[in-house]
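Chains here go by letter, A, B, C and D, matching the order in which they are written, and residues are numbered from 1 within each.
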């Protein structure tokens, strides 16, 4: 009993239509003033298959603030710079607490649990910054994003970055706290500045799915043939996304969607179906854990219909 | 550039030999007196491929106390009984704390974070017990294990069960605590009794790998054709094993091994390569998180050589 | 400018009348079924001055369940048995958490913060029990209470004790947890049994104020001349009552009342004005911290009118 | 049996000699570089009795960094400004955690437990700062100290203040964290600047004991007759010192010394014997809770010999 392969383009279009019709949309992140203005009815999805086919639905070309999705790419960059020495400054375990929790840091000497909670991402940013001016570090991150997405038009939304810089007291608390333990080494304002700016990178679903291809294909861009990271490192980044990529909703995401993924409070999610596809979805309304409400539902529908879960045939 | 498929039997034999030669073996669990007597030099491994091929190495026929590995099977049973209502009593998120932590329960009204930490497994056992005598509930669990492994010789080690019952004060604390919130409904001694006994089931690597086949093959025993659970449920149990199966070392296991798995303090690990194989490994020495030290290393070697990680080609 | 000494009898009568007229009464403890039946409108107060004068108001002769007020007396007994060795098993610091919290125990190896939170009182009871049958230990506690109050009619309310024994799962959790660390040494059921029973001692305000006289007068019963404890020990027990006697409302009680005191969820409070008076007050409605709402307000009025705060002229 | 009143001057001299002879001195605070240079062998003590008698011993005229002892005076100032509205921003309960813990803030919406832990003192400083420039607020604090001590020579040690400003990342974390909850309202750097500077006030034991007289005498300077605060407020500040004045060693201090007191990591302690004396002691070596090791022992000896404990005759 062989089922025919579903038509990816059709599946993505259908899902986008279903999502656009739903009235439950979650709540747009209110704590960053600039983000609160985004249209809650937006929904976009892009899937890039192994053969290069691009299936798109909804607002797939509209740029949004990638926020914490950027942490996948800064992790990749930092591992490229210092390799496994990175793990002296940040752990690899789910946190069991909210994305901006400081409790765990006090219990564990200022070492964040993983690179995808805010504290961990700040430590990763600090590694990239090391020995550079903030402007240089930020330039490097932006160039990396443009290279991965093969798109020089990607920019930082300065309005969002400034908005965070003026109101990001909790991140400032985390950074100062880690600085007191030596886990952050640069001037706290430098590290925070680079962090707020790379979180404020604006990308469309298409651009984000393009940038994620190397994780779906053993570390290699299947189109250009460029090796971005080794196959082992790609697997490991995917494993971290699976266990830690959705804050305190990571278990739920694995249970329902069954793909490695990383969410951001801008409503974007990058997901990876190893060997099959790079996927980006965007809908600004968030669930209680701070992950895109419709984004997760759309990915659940996609993996079910395509049979893409990494947890079984 | 097609690489030839590695010879599974050879790979497993080699790994068993490498493990037996290592001197770093971790520490045998000391807190259950009966378990402390096990030979720390034991090592066994069995892999059952999709086609039924059995590759074995080391002490693959020697029974050991499966301990928390039993939680995969009690979860399967409880889901069969009450379906998604189970999730009213237990969550699906990694805990971020040790296997026997009670802190999280206080913060979250007595609802354990997931079915694989001790508190969560006690809640699951309580669901199976519901309306039955402890002896009946235990009989049901044992029959399920024998059915899955196709082996009526599987028994409970009464010495181990009694040893835990006399010394398991921390589990008694967890059970009483949850009882105070109504998360455990049966008399605490009944629930603890069934729990200590199913943890004391003794199985060999061969028996354990046999019992795990349904999880590797969409919920279906590939040999008999029996559907144990639906494909969706098999995927979801695998997802829970990936995010929560190794206590506060789950992130590390996913990062290094890249397979869903569940460990026990007896030194056993059941791992699942979806679509490919059911795997059991056993070595009594534990790492700091309470997972088999050599067991994890052996599985890491296996997935690397066979290319079986779920996180990438 | 010398103010005349206020008339104690008049002050106590006035306060009792004011309290009986108030409509804000707090909530009667619901978690022990037997206690939930108590009349929320009850209010009693007895003050025994240094010269033996007894000033009474309201329901001063009606027995109530002293609950945690008993912990002052078990602490006194345990110190008499093992002296400062007691402090190996229990600390002397405020807990910063609720009366039945288990979080602190996990952080600090099962050693409770002080003898007045539930966990600490269980450890104290365990010391009294040591080497005895529960019945003997309980007999000793009851004889001590009768001796202090000079009243052989004091008894244990078996209905309350049984009610707690059937429902006291959280205390059972605490006791099992400490047993796992060796902080409790006797069979858990024995320690819990003695604990539930001494908490169920029923006394009137008059009896309780009588029993507390030694703490107000340097360890000595001013009427009989019996030395119950040394002056230093009396001071130290008073200090512990001040810092820890009202759970997570101890700071508030010190701030408002300014006397050492110990509350119980039955609504009773024993307070001590060193050198001046032993005071008992009872009103069953509790505030958010589990302390008698009107009891605290009445004591605040008493210390203000009598000028008895230990914190200033 | 009337014992003769001990000779205060003799008692203080004896204690100073005993302390200077001891070899156990605790560890000088290492985390503020400037403080680490202080001579660990210093010891000073001054007691000012109700009649104005000044008993001094040891290095009683040598200025030291008062650090957290300043929090008693900033609390007094802030209460004078906003009265009980202060308690919207800070609690009145012992914390049960270390002086610089951030865990409690996360649990309780950024509201610190009491005005004497670092977080609480930052909130108090923020209240004093409100609507002023940092320089003005600091001037007001310094003038208040000079007025209380009747000594215009009191100054801020700019070296210490600068040292803290460069290294006080944990305090910066606390301040930013509270700012994110609106508990701190001024620019974080302003609040931190004033805080670091008032902690860096340098005073001798004599000056400190002079400044504390109003707390020992119902809010009134007994020499000048100035009413600094009402008698009720003086009692309440004393109560807060008793329950919260020594961080997570407050219970121990009450148990051993039996007086309200406030310590600083510079090794100073201000203690108050209500109606009897204002006391300052200084020895730079700290115990595990961050309180002066010999300071506490000296105060214990003083209260024992003088019979000054507030907990009993």
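Throughout what follows, a residue touches a chain if its C-beta (ideal position, glycine included) is under 8 Å from a C-beta of that chain, and two chains touch if they have at least 3 such contacts.
Computed from a predicted structure; not experimentally measured.
Colleague: Which chains lie in contact with each of chain C and chain D?
Modeller: Where chain C and chain D might share a partner, there is none at all.
Colleague: If I average the CA coordinates per chain, which chain comes out farthest from chain D?
Modeller: Looking at centroid distances, B is the chain farthest away.
Colleague: Could you figure out which pair among B-C, C-D or A-D mirrors the A-B interface, over half of its contact pairs being identical by residue number?
Modeller: Interface equivalent to A-B, from the options B-C, C-D or A-D: C-D.
Colleague: Let me have the rounded angstrom distance from the C-alpha centre of chain B over to the C-alpha centre of chain C, please.
Modeller: It comes to 48 Å between the two C-alpha centres.
Colleague: Rounded to the nearest whole Å, what is the centre-to-centre distance of chain B and chain D, using the mean of the C-alpha atoms as each centre?
Modeller: So the centroids are 55 Å from each other.
Colleague: Provide the list of chain B residues touching at least two other chains, using ranges where the numbers run on.
Modeller: Residues of chain B touching two or more partner chains: there are none.
Colleague: Which chain pairs here would you call touching?
Modeller: All chain pairs meeting the touch criterion are A-B, A-D, B-C, C-D.
Colleague: Any idea which chain C residues touch chain B in the complex?
Modeller: Residues of chain C touching chain B: 101-103, 105-107, 169-170, 172-177, 179-180, 188.
Colleague: If we count contacts the way the header does, which residues on chain B are in touch with chain A in the complex?
Modeller: Against chain A, the touching part of chain B is residues 91-97, 104, 113-114, 215, 217-219, 231, 234-236, 238-240, 242-244, 248-252, 254-255, 258, 260, 274-275, 309-313.
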